[in-house]
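Okay, handing you the structure first.
Naming follows writing order (A, B, C, D and E), and every chain is counted from residue 1.
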Amino acid sequence: MIADNYLAHTADPRVRKPEAATGSPRIEEEIIKAIQDATGNESFSLKAPRRIEGPVDSDRLHTLASLIWSRVGFQHLSAISCVDWLAEDEFELVYHFWSYRDFCLVSAKTRIPRETASMPTVSDLWQPALFFERDIHEMFGVVFEGNPDLEKYILSDWDGPPPMRKDFITREFAHDHFHFRDYEPDWDELVKGGYHSNRGEGGTDV
Amino acid sequence: MEKTITQRSAWDKVLTKLQKRSLWMLHYCTGCGAVELPPTMTARFDMERFGIMPMVTPRQADILLITGYLSVKTLKRVVLIYEQMQSPKYVVGFGSCTINGGMYWNSYATIKSLDQYIPVEFYLAGCMPRPEAIIEGFTELIDRIGEGKANSWEDYYKNYEFYRKNQEHVFGTIDTRTDIPDDAKYFKIGEVEK
Amino acid sequence: MNTFLLLIFPLAGFLIAALFSAFSKKGLVVGKTFAFLGFSAIVLVAIMAKSEIGSIIYGPMMFGWQLQFGLTAISWYFALMISGISWLTVVFSLGALREGGTYPMYYAWLFAKNLGMLGVILSQDILAFFIMWEFMSWTTYFLLQQGTKKARSTAMGYLIYAIIASMILFAGIIFLHQASGSFGFSEIASTVAGFDMRTLILAAVLLLAPMLIESAAYPLHRWMAPAYSSAETGITAFLSAISTRIGLYGVAIFLFTVLGFTAMKKLSAGHYFNLQVVIMTIGAFTMVVPTFTALFQHDAKKLMAWHSVGQGGYMLVGLATATSLGVAGGLFHIFTYLTYVTLILFCIAAVEYRTGTTNLNSLGGLIKKQPIAYVGLLFGIIGLAGIPPMNGFVSKWLIYRSLILGGHPFLALAAFIGTLGTILSVYKLIHNIFLGQLPERYNDVKEVGFFMQLPIWILMLVVLGTGVFPGLILGWVAKIQVSLGVEPLAVTLSGVQASAGQLNMNVVSSVFGATMLVAFIIFLIGGRRRIVGQYNNYAAGHFLDKTVKYNFNYNFYSAYEHIFGKRFLNPPVKRGEEGLVALVERASDFARRIYTGGLNTYLAYSLGAVILMVVILKGAI
Amino acid sequence: MNSVIGLVVWIVFYPLIAFTVGVFLGGYGRKFTARVQRRVGPSWIQPFFDVIKLMRKRTNISHGYMHDISLMMLVSGTMLSLYFIPVPGFHYFSQFGDFVVIIYLLLIPSLGMALGVGETANPNGSIGISRALQMLFGYEVPFVLTFIGMAMLNGTTSMYELVQIQQSGGIATWGIVTHPLLGIAALFALQGMMNEKPFEVIIAPHEIATGPMTEMGGKYMGMMFIQHLINLFVELTIYANLFLGGAKNWFELLFKLFVLFTLILSVNSVFGRFRTDDAMRFMWKIPLPLAAIGVVGIMLGIG
Amino acid sequence: MSELVTANDGSSLMPGAKSLENREYNLFIGPNHPGVEGNFALKLTLEGDTIVKAKTEAGFLHRGFEKLMEERLFIQNIAIVCRICVPDPDPNEENYARAIEALADIEVPRRAQFIRVLVLELSRLASHLFTFGGHAGTIGLYTMPNWSISDRDRILDLFEELTGGRVYHIYNMPGGVRRDFPAGFASRVRDVLDYIEGRLPDYDNLFFNNRILRKRAVGIGVLPRERAMEWGTTGPNLRAAGFAHDVRKDDSYEVYNELEFDIPTLKDSDAYSRLMIRRKEVVQTIGIIRQVLDKIPEGPVWNKQPNPLKWRVPAGDVYVRSESSKGEYAYYMVSDGGVRPYRVHVRGASVTHGVHILENLLVGTRIEDASQLMFSLDACPPEVDR
């Protein structure tokens, strides 16, 4: 099913549309209209050349995304970004979709509460979402329902809080956990006897 | 009982002179400094002139080059691999990040001072050190080995408790399957400090 | 007298043991003791019988012919091997057979099998040969059944071949009797000398084909590995070591005594095509094909069973060269093979005794738990691969030399390919059982007891001893050559003195020892070493523990699979044969329903049918 | 060999000579490859420094007694085959064992290595051994066939006699001249035997982390180095004796060895490695038919 | 042990011995292994020599760049973003600078744009030469790395002359580039380009047309076009699958739309075509650099910005993309109007190639080809880890 859709949308690679590559506003307006037709969402707007963005409700995102994917042809999920708006107590998830056909990027933004951060996955539509969602899960603690693999990956040896949250202060953590160099070494000793370890209190060099 | 530098026999000196001409470096790209190693190895700078070759497994390697920052996750592996290496072994800290954390001084993921966790023979400063600096460092190491001064590896056996404590502070207990204090007794390397 | 006892002792042993097993419910200890004493007696008798070489004992009259038994040089050689290996098997069984096992007639059939084999090699006429041959085949069948349930069906596979072989041999005997009017070897030989080409081909086929089937020569070799490997391991050792080699005894006797060189010379069409070359080619295929089948086995016993097929090829080729070097090689190879294959299978049995499996994919790392079995297996595989200083090397060297200098380069190449295949598969054997990672479940495995170790030690000694001093055995082989009418080999205690280059195993071994010493000194010069645990290992920076299976053993030689594809491992012949066995089984199933007896009952009927056939055919004689 | 003392001196010093030649060959190899790669390369006796370094390691780990013994088997097997190879001035042992013996003695190091590596319980090592043993089929089969051809032709399996026959007739009787097919086939096989690219599937650092050497460190690696260096001499000398007419004196021998080694190194330095099965396919497609044709030719010549 | 032994009935296998038969075993490639690019791990499950399951493990190079950037001034971050991708650092700097420029609406002088393109393309060239060496190394052809990496050093020398740094350049600033060409730089760039172009036939003879390379790389890790797009493949890997997508053309930035270059595509999408597409791109890149040198206008290279230490970037968010040597690179930057970026998300090119695509392609291939496959995808672990 997925493959069929891709085939339908995959233009012949050798037939390029030069006018599209230059990004004429006409195409972008068409896309906004197409999104509107397909999803009924009227909030998408042109932000910059080839950049369309708009807010989506978190519970409607998956529906919208699948409509965008299947009707308008945004086959490439460029990235999913997450922003921690601590003051508003919300996470903002930004889905960046790229259309190989229309050479245009759609950013769909959605907000979810920080405490019960949970989103349906889009990995059933875009396979790359597997990585992005796992990454956001690790770094922010957002749970993506339906993602088959949310195991720790990059931070597999980390047992602290999700580090990308704004309330995690990396500077304090580093000061608490790591030994910082004492900046008064005995340079004469170092030059003479070869550098061993600067062992702080009590340690003597060999 | 251990022979100090001055007590070395003439035979020992001769062999050390030969031995220092062969140094094998562990092929482990721990950090971004590793990108300067291929130029050092290959035609332009040609590390093999000094008998330095990259080696795959820790069993064969003499030099453990920590090429830049070490995340805690890598540090675990580095400790494992360091313990798997056969003494004498030399750790060379490469780049500012190994000395004081460099530009990652406030990162939650990287350690700030390599010599707290494994004994370091010397550091190469810079971000990142140029191939010339690496070669300079290696020739320095060769000289030190020839003079019998490059003995930092013994420090790990002698002060294992210290290193172990620091390691455990960062990542908890790991089982590297190498019993360092017992090895020190078995191979008669120094005295283990209580 | 001793020759006579050689037949009487096993017979008596068979009867007593059979009675015993019929009446005693819990008699394994008694049975073991009796078997040990009995086989010790047979060995003693066999050794003492040396002085009686050349004597003839007359047996009962049959079909108007008095059966003759007697010792010749070659039959004494075989008698010694048979009795020796039986004794070792029994000693091994003292430890290996467990109380409460289901071996109703284990020792009885072992005695019977001995009787059959000794009878074959002692028989001095073709009728006695046939009768004892039949007896041997049936006892083999019953012995094979002393294993798993699977053994019953595979034993049936053997039986099909055995019956075919018997039928052909029987036809051959009738044919030769018709032609010469006698059953004696010498009378037949003189008649054969006068045969024309076509008759000679018929005689050769009728006599040699059954022998080749029994010795599992290509392409009639497929029965052997499944049958032997499903038997109890001690029996596998015993059977693969000696039972099949009786076929080679037959080849030797018929080739040299009955058919003679004249036949070989006559049966030729050009320099590169004659009977000799045909047999040698069969031998070459037997060397190569089963060896490669062995390479892909996942069961240690099956792997060794395929090797016992493959090694037969060397003996066959050696015998068929009919040169001084080749025949000596073939005959010596029978002995060397017997020693190391028994050794290997005993070691496998020792592992099986403790771990309960011979599956190569589930074992591993047992060297730390069963070092003696490991060393035994090591000696065995070095012998099997034919690497100095073990005895296997000497026999293979003789065969190579004869092939190269006899102008058979491609046969020599085949022999070498067979050797390479052997090295590969035995390495897989030792690697998958003893080396690599030790699975956690085998942490409590211990070395086996004294009675199982004793044969391993003895055989290790023999394998090394006859390797360093091959003259011990080659001396007798040279005598056999004289009796067979082949120019004897110039043998010294330390090896072979031949015209174009000599072999001195004493020199090879002592230089090996010296260089080993040098290597040891180099080893000592280096720094101190420490033995570490198996998880202190390079894993590219990962931490190993018991949850990680870090051991490569399945599909060890996968490149061949990439080259030849999987069909290579499952050729159509095998499938056809499986079909045949299934058919016979179904038939026997049907028969069983009719006669309502067990399988043995059915067999008794078929035995009766064979006897009936003999009686009918008697009229023809 | 008219004096016992001379014999003893040879027996003692022959391995040392072979080792020294091996050191220079090894150093030359590294230097040559470096020059192809536009580098300066290490010292000429770099392998010697490596051996000294490895033997002087303070801590060595072993995985068990077989691991230790395997290294001894490795060194001793190579030294053993060395003794049976005739060189100018020394052919005492070659009368006690012919080429078949040498071929088999050359298997001792392989087997020893295989057993030791097996005990290290490292899959990289086991895969390496599996490849090494499979590769035996690749190169040993054509190599043995070429030898069988030479032996049949000259009616002897003794390497010393082969050398004598070729020496007596000058260049015209050299194996490579009289039977170029066999010589070329054996050259291919030699490339595989010496484990040089494109047949270097056993070490393959990027695939299996140097395979059999994975768990070898310190003196274990040192002994492997010693064996490797002696082996360079052994394998090149075997080829020189079989096809290049042996040598009258050591200068000639060394000249032949270095020329032969250069040939092998130049192929080595411009090719990657085959996969195991491709390497075997290549061996069966090119050298084996060449050798077979050569042998058939010899057979027809006789018959 | 006794419970395991059921050999009493003569059965050679214990009950359930089949289940004990474990055909699979684990093999680790990396992090300490030459067969991986950088500090990365492949955890393979093999059956014989065939991979039946592959897992990657990253994070060994994790430094928390995105977190660090939130703690630093906009200007400070320029020094660390280049560290995200080690062999090809410049797209990071350029993307970061461009994101700020988009947020703060800064005009970049045309000369600076041309210089940026020059730097980006030189970096791409260097990265490709590096990859050729790496790929050749995986099949054991060590002459190639010796040649190509030492040739790459000539480009690094150019960088050093232009920017002061061999590897990390810290050269792109918001508003332009840090400094103009030194005297005679353009001709030296041309010399290096001529040299590298002259070396390409040598590379072809040694490496690209090497029969052993073909034997080994053709048909390895085939990623059909549909599947490649499904998995989010980008950059050269996607073009090797026959789909002509290039951010430089499709979502053009800087002055790429003023330069003429082709997007080479290949059809087979195996390791060999992924290698060859980079070989073709080297030619294109050399052409682009020549055009830059021809067309570069005179003028300033940097629009002066206010005091960087107190510099506040207007609130807003922006998503900038570029084409690095590995594929699509993107920065999502959010500013809350403060002196530090509120959030920067880096989408490295290798996050798709190095993780799920690699894991999927590895299944069914053989251990011999694992590292070659990784190098052919040119997955760069630091991009994954950040």
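Basically, contacts are C-beta pairs under 8 Å (C-beta built on N, C-alpha and C of every residue); 3 or more make two chains touch, one makes a residue touch a chain.
Here the structure is a predicted model, which means the values were calculated and not measured.
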Shortest path length from chain A to chain E (each step joins two touching chains): 1
By count of C-beta pairs in contact, the leading pair of chains: C-D
Innermost chain, taking as reference the mean of every protein Cα atom displayed: D
Whole-Å gap between the CA centroids of chain B and chain D: 36
Centre-of-Cα separation between chain C and chain A, whole angstrom: 69
Distance from the mean Cα position of chain E to that of chain D, given in whole angstrom: 42
Junction residues of chain D - those touching two or more other chains: 37-39, 54, 56-61, 123-124, 127, 205, 209, 214-215, 218, 275-276
Multi-chain contact sites of chain B, meaning residues that touch two or more partners: 27-28, 42-43, 56-59, 73, 76-77, 81, 84, 106-110, 183, 187
Sites on chain E at which at least two other chains make contact: 25-27, 31-34, 46, 49, 59, 62, 64, 67-68, 71, 146-147, 150, 366, 385
Chains grouped in pairs wherever the two touch, ordered by label: A-B, A-E, B-C, B-D, B-E, C-D, C-E, D-E
Of all residues in chain D, those that touch chain B in their complex: 30, 34, 37-43, 46, 48-50, 52-54, 56-61, 205, 209-210, 213-218, 221
In the complex, chain B residues that touch chain A: 72-73, 76, 99-101, 105-113, 115-116, 119-123, 144, 149-152, 154-155, 158-159, 162, 166, 169-171
List of chain B residues in touch with chain C within their complex: 28, 57-59, 76-77, 80-81, 84, 174-178, 183, 186-187
Touch list for chain B against partner chain E, complex: 26-32, 34-36, 38-39, 42-44, 54, 56-58, 69, 71, 73-74, 77, 81, 103-104, 106-110, 127-128, 130
Interface residues, chain A side, partner chain E - complex: 2-3, 6-7, 10, 13-14, 16, 21-23, 48, 50-51, 75-79, 81-84, 94, 96, 98, 100, 103, 105, 107, 126-128, 130-132, 135, 139, 153-157, 163-164, 166, 168, 170-171
